[in-house]
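Next, two complexes with subunit A in common: one pairs it with subunit B, the other with subunit C.
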Partner chain A sequence: MNLYLKLLSGSLRSRMQYKMNFLVSSLSYGLIMAVDFVLLAAILQRFNDVKGWNLYEVGLLYGISSVAITLYRVFGVEIHNFERYMVEGEFDSLLIRPVSPLSLLLTKNLDLSRIGGTAQGVIILVISIIGLSLDSFDMFLLLLYLPISIASGVVICFSLGLLTATFAFWTQRIKDFQTFTLYAPFNAANYPMNIYPGWLKIIFFTVIPVGFMNYTPILFLLDKGGSIWNLAWPPAVALGFLFLSLRFWHFGIRHYHSTGS
Partner chain B sequence: MVYWILIQKSFMTNLQYKVAHLINNAASAIFGFVFIAIWAGVLQGKEQSSPYDVMDMTYYIAASQCILWLSGFLTAGLNIQNGVRNGAISFELARPSNFFLYVTSQEAGRLVYNFFFRSVPIGLVFALTVGFYVPQHFSSYLFICISVLLAIIISINLHYLVGISACWTTEVAWAHFVNFTLLAGLGGQMVPIDFLPAPLSTLTQYLPFAGAIYYPVMVFLEKASNDVIWIQLFWALVLTLLNLWITERARQKLEIQGG
Partner chain C sequence: MIVADQLNKHFKIYETKKGFIGSFTSLLSTKHHVVKAVNDISFNIGEGEFVGYIGPNGAGKSTTIKMLSGILHPTGGSIEVAGLSPQKRRKEVAKKIGIVFGQRTQLWWDLPLRDSFDILKEMYKVPDAKYHAFLKLYDDMLQIGQFMNTPVRKLSLGQRMRGDLAAAMIHDPDVLFLDEPTIGLDVNAKTSIRSFLKELNGKEKKTILLTTHDMDDIEQLCSRVIVINHGQIVLDGSITDLRHNIGLPSVIEVQYREKPQHLPAEFDGIEKMRWEDDKLILMYDRSVLSSPSLLQVVSKWGEPVDIQMKEPDIEEVIQKIY
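Then we have the complex of A and B:
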């Protein structure tokens, strides 16, 4: 842990050498995500709700999902760009270090420009929570649970990212898979799952379990259905999925063959 | 003709990655399904208060997901910024060929590829699942071709503008982000621009972004008057002339370090 903090602070300092670039890129990344939400707000202002979910309720789902994926993009940047290690043959250099390759990858770099996206997600969450005007007990429960929901989302996202990265051991390039395993599902998780056709719902609650991170608990927290068990699902699924992805990662490493060049 | 050869070569280069692209198409279709589901959920029971019904929006999203590959997802800065970084730009600008055409024809080759290996397969997926609009009037096909061509010219120019700005800023990542956001947001990728709140819905009709996505989609769906092509033509001309002028400025700014 000590080592982790040391490595992180090193990466942070190197990034801060280019302050202006950092500011502009975080701002523009936050702006992109904000425009998306403003468009949604424009639609919902005109039509009130999407299958029984009003703007603030969708905002909760949206905020959790965007905070989760952007935090992964901040901390998991080397996992996300893992194909570089395969294509350029740099993975060998990670294997010969005394620390596990995964911890090396996690500490090597931070993509702070994505923090803008996280901030924007938090702002949407704050606006939504205020707009919902819940009674004090429901509000207390929601605020208490929000960090768990976000943490589960980050873990699910990280696990999906790691699973996708592991594919690189066989396929080398993974950029095109990521649209399929990360971008499209997290975009879908911005909105309530009940709007999707059955086959998409099945995908989002099984192989790519993004539905659990926000939809399942929020359903219960906003009195839209489900039971208290809905609150247990997100961390349980996240941990289970993390376990599976770590197993797959180690399986991938065992089958790794260096290019030898 | 050297530019024609560049278009062909760029097409061939992209062919190398067609398997990965086909996987990516599945994801692109899923994005489309998500947008269609949102619209179906929003419009459910409220169709009388909307100018478009669920089927209209399904066709709209399906068509815009296809056109995005022709006028939305272009190479960031058309890679001009790489030449600025490594200095190759000095040779490229000094060549006897036209730099603007040299860069844009490579991108055009990629877009021709995108049409066959992105737009058409994605359109087929929609046709087989949720439905894909087929223009009814024979004359529409001519206007669709013109409108899509102008959309491509507008978008290539917007991306070129981002790329050539590297001659002054060296870093174009953020400019590309902003450009793409405006293109998708104000261009009507997910929300037809007439749905936007009041001042914006009028303003966006006259911006180049609508010419890149919204107008070609509406012409394709036979929902827009063919006069919108004049707005597209205006922006295609203005942006092309602007870029030619800026390219000239960049050439003057260039210092070739003798060795």
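Then we have the complex of A and C:
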């Protein structure tokens, strides 16, 4: 724990060395997020009802999904930018330490400029919960479950990020894959799964299980269907998927090629 | 201390294409050729040995070191470092070895040197008392104290290398892997690093494996040399063996104002003497005859107008072995 704090404070101080860059990037991400938010509101205003889901209900899905992916982007920045470790052979320096390379990667850097996106997601969640005007028991259950849903989302996102990163052991580059494994699925998960064709639904509930983090539990919590089991699925899927991705990651490390010097 | 048994590392080189589709198909394609970076290498390095591991670029030196330190997994064969397999018990081995890559710093680039040490102290769980003793000792040996509070990116190459060496020693490892620690350094920095390494090996009895392109490093430091080329060992023996095998001479070219009339036919320490136009070319053994005393000798023979010293480099040495 002590080490974790030391490493994190080190990475933060490294970042602060370039104060101007830090401020500018935070500001620009904030701007991008604000534009994104306005766009979403405009779209939802036009379509009052998306296949039986009203604005606030979709807002709930949207909030969970965007909080999950932005938290991953804050804490998993080095996983997300993992190809640099392959292309420049920097992975070597992680493997000579008596600590797992994954924990070194997670402590190496925080991308605080992404926290704006998290804030935006939280704001949407708050607006949606107020707008839903649920009775007190349903409200209580929703508030209780929301952290679990978000945590499951972060874990699923992290696992997807790690799986994608692991491909870099063979392909070196992964930026192109991320569009298909992270950006597109998480954008899709902003909206209810029942708007998608069957084959896409199958993907979102199997190989890229983003449907589980918000759609499955919210379905039950808003009385739209499903059983109490819908609440058990998200953490179960998240943990199972995390386990798989860690196995794949360790398998990948064995195939690490390094670079010539 | 370090045992490699029939070590092999083969790389499959796949043809990578551009773009998403390209990288995806190359992920699935089986088109490749195999490069045997390390091909059946075996050696056993005892405690306290100082071994030079030399060979031309691409011979497999770094690949071997990366396997010994647990970074790469061998295709075949087995390794033991301090009694443990670096592949199966990487973290334990990591606590017993120190690694320096001359080409790439292991320090935190944007932080002051001291912060890197603090982080490493925590990582290797070094007790406070030991850590303070370490700081003091290494300030004495490498004078790192004077730039402890400078961010690593602002250090000179020589300072950075000293910092890297100290950082590799923070957990007091028994084994040291040094991959070209003197690369790009000026003469002074090289000298200070060599005397430091000598002390580590002599006083502290550290086992050291060193790769280098500098013959002086080898001559001044190593008691044993392993030469590899194309992934295979071509020579494993002492400096004397190396010298014996290839006659590792230093070369000097002397140009005289007037060609001396008679030269001694033989001189202790001089291995060969020949004229090339009006230049006298001498090959000599520096362990018998030092350069300054050779200079005295040649200036007794006549009045030199130009003297050039030449060092054989590793590439030349390797070629001679073949």
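We take it that the second predicted complex is superposed on the first by the 233 of 261 C-alpha atoms of A that agree within 3 Å, B and C clash if a C-alpha of one lies under 4 Å from a C-alpha of the other, contacts with A are read in each partner's own complex, and residues count from 1 in each chain.
Simple rule for what comes next: contacts are C-beta pairs under 8 Å (C-beta built on N, C-alpha and C of every residue); 3 or more make two chains touch, one makes a residue touch a chain.
Keep in mind that this is a model prediction, so the values were computed, not measured.
Of the two partner chains, neither subunit B nor subunit C is touched by A:Ile130.
Of the two partner chains placed by superposition, only subunit B is touched by A:Ile43; subunit C is not. Of the two partner chains placed by superposition, only subunit B is touched by A:Ala184; subunit C is not. Within the superposed three-chain model, A:Leu144 lies out of touch with both subunit B and subunit C [touch as defined at top]. In the superposition on chain A, A:Ser28 makes contact with subunit B only, while subunit C stays out of contact range.
When the two complexes are overlaid on their common chain A, residue A:Arg173 makes contact with subunit B and with subunit C alike.
In the superposed model, A:Leu200 lies in contact with subunit B only, and not with subunit C. Applying the stated contact rule after C-alpha superposition, one finds that A:Ala232 touches neither subunit B nor subunit C.
Once the two complexes are laid over each other on the shared chain, residue contacts for A:Lys51 go to subunit B alone; subunit C is not touched.
In the superposition on the C-alpha atoms of chain A, the part of subunit A touched by subunit B in one complex and by subunit C in the other spans residues 173, 176-177, 179-180.
Those residues of subunit A that touch subunit C in the complex are listed here as 2-3, 6-7, 10, 13-14, 17, 89-93, 95-100, 167, 170-173, 176-177, 179-180, 254-258, 260-261.
Across the complex, subunit A meets subunit B through its residues 21, 24-25, 27-29, 31-32, 35-36, 38-39, 42-51, 173, 175-177, 179-180, 183-184, 187-188, 191-192, 194-197, 200. Considering their complex, residues 11, 14, 16, 19-20, 23, 26-27, 58, 62-63, 66, 69-73, 90-92, 94-95, 97, 99, 101, 103-104, 106, 108-111, 115, 118-119, 122-124, 151, 179-180 of subunit C touch subunit A.
Those residues of subunit B lying in contact with subunit A across their complex are 20-21, 23-24, 26-28, 30-31, 33-34, 37-38, 40-44, 46, 49-50, 171, 173-174, 177-178, 180-181, 184-185, 190-191, 195-197.
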